[in-house]
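After this come two complexes, each holding chain A, first together with chain B and then together with chain C.
Showing the complex of A and B:
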């Protein structure tokens, strides 16, 4: 239950920082990231499982190996890359939300996650779709996507949470206060020699709410989706 | 099956190695071209002012100081200052990433760096910073600030706040133990330990509060003799470091005789003296506002010079913390340097308002003659606390903090725990030295 200083802490919080802008930025980044992650991750995972190509497993294994490279190791080249992009196209260069989104939209984890879950997907449905004259993309969007709802829900929660809590990359790539995300804002709140813990805690509660809400909304699907990936 | 798998495995390893080698090769082709396409802003706004960005931490202190500087700036170049607030660790992370990448995109014009970290930036990124020695007179600043802020004879940093230390003590407790102010002026740390024993015996109060993870007190003791964990040429200097040995002996004696109240974080540290538990706080002058925060102890505090180690050349002055301003080598550097030179670099009146409005004591020596510095602080029984601190500041022995202060200290703090539980001092220092050499060579 909230203590006696909740209102006061909220007032201080809104007076000291622009939490609205930070929430907005975090939402924009998290929603776009989640959407693109699901789209690309599921297309790739589906492709890896359904189609047969020479060297497919080899490519997939290399992809899995990339999960072992920590982000901190590729951060500096990535920053350099975006620094050079800035000169050509400032819209996706350093200090833009696009730069915070692009490197995070696809990870080997999600391709793996979707491929494992696709193993449960009945291949006969693909054959049936082909016979009935659906295009390959049509099969994906009209048959695969609706039947895999639980997998999508589970992936959505993970992707949203990762993006919402992402700290290191947004920290280095976003500079202006108007592009700040919620974790950066909270980090700044504790930066003074005399931090106001009440305000910091209030901000943390606000920052936690969206992921909690997303989780509760999709909880049923989430558990089903995770079970699926284990069984697969 | 087994054969097939191992063939695949080797292919993968080869692919991985190729990728790593390629990544390693691509490194230093363009390293030096940092200033060409510039980051920061440095552009001009519609009304012709040069736009300058600055990174700093702490809204109530450094940011407030920058805002004040912006108001009092009256140089020729018109500037528009944008201040970006970040936590100190975040600034370090962002600077390291940006400067390592070599693009300088998104980097600020002005950045605040803590003195003990400055050399690692100046030495790691030689072309990234702009020498600003021409924009102010280095002799106007406390001498101890110059070695950390300069490299190879070039002045890169404009000294900002001082961490000049004082021996803040409770007059009532010390009187009860039989000590007057004069008994506490210009003492040695050995005397400090003796006094601490008396205080404990007669009043029951521990002398000071310490966080075992923070070796600040050792650095304070060491700097009174002008030595550090490293020598000027960067050699790690633990095993034959006489001042460090003596400091550690004092540290152990304080701990063994139960003269220290152990705390585990900052708020407990503050509570230790605000609650009246401990009899003194030997720390940087920035602790004064936290002492004054406890209204009920008004008039019960005073400050004496920092105790020194009993060695030749030791001074009753030391330092804990403090930062300086740096200008990055990108478009807008001249305007940024002019801005700093005009405000922090030469304006004595500005330092008076910096003291009264923000509570920051600068390292600009002429400022100490100004009116605000003469303030007699009733909380400290009418003592001219600021003026005295600014006098001690001028005597702080110079130290080159080198590149690895914090890294060495991590090693040392683990070893010190073993020292406290009985390992011999020689072994402790020899082991720490070996670890540090392995890690930083």
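Showing the complex of A and C:
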């Protein structure tokens, strides 16, 4: 009978693995990553479009090249880099949530995404803000940010999902069980020799719920976010 | 009078120079963090990876060996296997997926179709799932006593369960089916939105001239979608070259390396076997070179005939 074993599976799940900690870690990483990705990415996208110069366009094109860099190619230097950081400041070195977050927050994709969307932002508002005596950063935070809410929503969904589902870098950099994220936990459960299907599927459902809820609530933004990279 | 206007002009010129300078300078502040971040976490590691690829040794004891690692690639059967596997995935999976995605998008673009929204969501939904989660589920679906074998047995298509995960050929097929399931809907969304921008009167004109729907597909739809097909093939190619999560969680590279991808081999070289970071970095540069070459070829093939 479907449904009758849910409580039992949940009990077994909580008894076999520390899914609470994994959920917490994944949430912390995904929320901080999303926040910083949006802030830094939108500042840059805005900067490249509003203060456009030839020099900046060149820098922009160079940054875009980083989208072609396969993660496997930079994984080992990054791992060694954070190993060296460990000896200076263990708080952001190997096996810390900070190390799992840092290399993922600044991506050319989101700079590009925000720049494309800034093209549709009415530039007269910037002039109006200057006349009203707002500082350049004031214009960004008080005018640009509130008018671009949908763009931010779309970007937030993509950034959250990417971070929530990220596997390879956390696998490399997070080693101790108390720093495990949800994908690492599921991967470990799945690799067992005598898998308890009920427990694994329950874990997968719990892991998928946040992204599924986000998807169904914000489907329109979601597709807009996916398309953001080719718009305009 | 002329003096007054002259000095006013002067101030104006100064102020425009000042605002332009200020604008330029403030603009750099906006992009500073991104430039530093991408420099530190992308370009600097790329340089480091190249320097590493010129060294060899176990763990932290690395010594300079020049291009020996690159020569070693050609005599390394595991590398050759992982390269071949990755190319098989690329050559089979990317075209199959793009054709399927085109097919679905054309079907879903038909205004006469009922429940379009439902079908669109259903086909797109796999793209929302976590790579690890769906990979683990596929592992069980294609297991010996998994749902796929049950279904095939139930329909009397096979007599004995197929060894999807322990047969070298079937294991590759399983990986290809899995990736196709995950990414077809994602690509379809791009085609669907591009189809909205295709002028409907072209199809009408074609119909009046007696073109069949298959002709319309090949002579209107495909040429109109060419830029977006190029974009999705490049993205899919780059993605497949980096294939890791699925192989790791469905087959763990097995049986006997027959599904091993390049990315997984790099991971194994660095973290599973006795770590040889220098050689692993060399293998990773192969992916970089492949990404550059394949993107370039796709651009030339699809871009030239515009």
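The working rule: the second predicted complex is superposed on the first by the 212 of 232 C-alpha atoms of A that agree within 3 Å, B and C clash if a C-alpha of one lies under 4 Å from a C-alpha of the other, contacts with A are read in each partner's own complex, and residues count from 1 in each chain.
Just so we're on the same page, a contact is a pair of C-beta atoms (placed from the backbone, for glycine too) under 8 Å apart; a residue touches a chain by one contact, two chains touch by 3 or more.
Everything quoted here is computed from the prediction, not taken from an experiment.
After alignment on the shared chain A, the placement of chain B and chain C results in a clash.
Once chain A of one complex is fitted onto chain A of the other, the partner contacts of A:86 are limited to chain B, with no touch recorded for chain C. When the two structures are aligned on the shared chain, A:138 is found in touch with neither chain B nor chain C.
By the document's definition of touching, of the two partners only chain C reaches A:41; chain B does not. Contacts of A:219 after superposition on the shared chain: chain C is touched, whereas chain B is not. In the superposition on chain A, contact is made by A:191 with both chain B and chain C. Looking at the shared chain after the overlay, A:58 reaches chain B, while chain C stays out of its contact range. Of the two partners, chain B and chain C, it is C that touches more residues of chain A. Of the two partner chains, chain C is the only one touched by A:211; chain B is not.
Touch criterion met: A:76 reaches chain B and chain C at once. Of the two partner chains, chain B is the only one touched by A:173; chain C is not.
Once both structures are placed on chain A, chain A residues 75-77, 79-80, 168, 171-172, 187, 190-191 are touched by chain B and, in the other complex, by chain C. By the touch criterion stated above, chain A contacts chain B in their complex at residues 16, 57-58, 61-62, 65, 75-77, 79-80, 82-84, 86-87, 93-95, 168, 171-173, 175-177, 184, 187-188, 190-194.
By the touch rule above, chain C contacts chain A in their complex via residues 23-24, 26-31, 33-35, 37-38, 41-46, 48-49, 52, 121, 124-125, 127-133, 135-137, 139-140, 186, 189-190, 193, 228, 231, 238, 241-242, 244-245, 248-249, 252, 262-263, 266-267, 270-271, 277, 280-281, 284-285, 287-288, 291-292, 295.
Of all residues in chain B, those touching chain A in their complex are 8, 11-12, 15-16, 23, 26, 37, 39, 53, 57-61, 84-88, 90, 93-94, 97-98, 100-106, 108, 286, 290. Chain A contributes residues 40-41, 43-44, 46-48, 50-53, 56, 59, 63, 66, 68-81, 102-103, 105-108, 111, 136, 140, 161, 164-165, 167-168, 171-172, 182-183, 186-187, 189-191, 195, 197, 200-201, 204, 207-208, 211-212, 215, 219, 222-223, 226-227, 230 to its touches with chain C in the complex.
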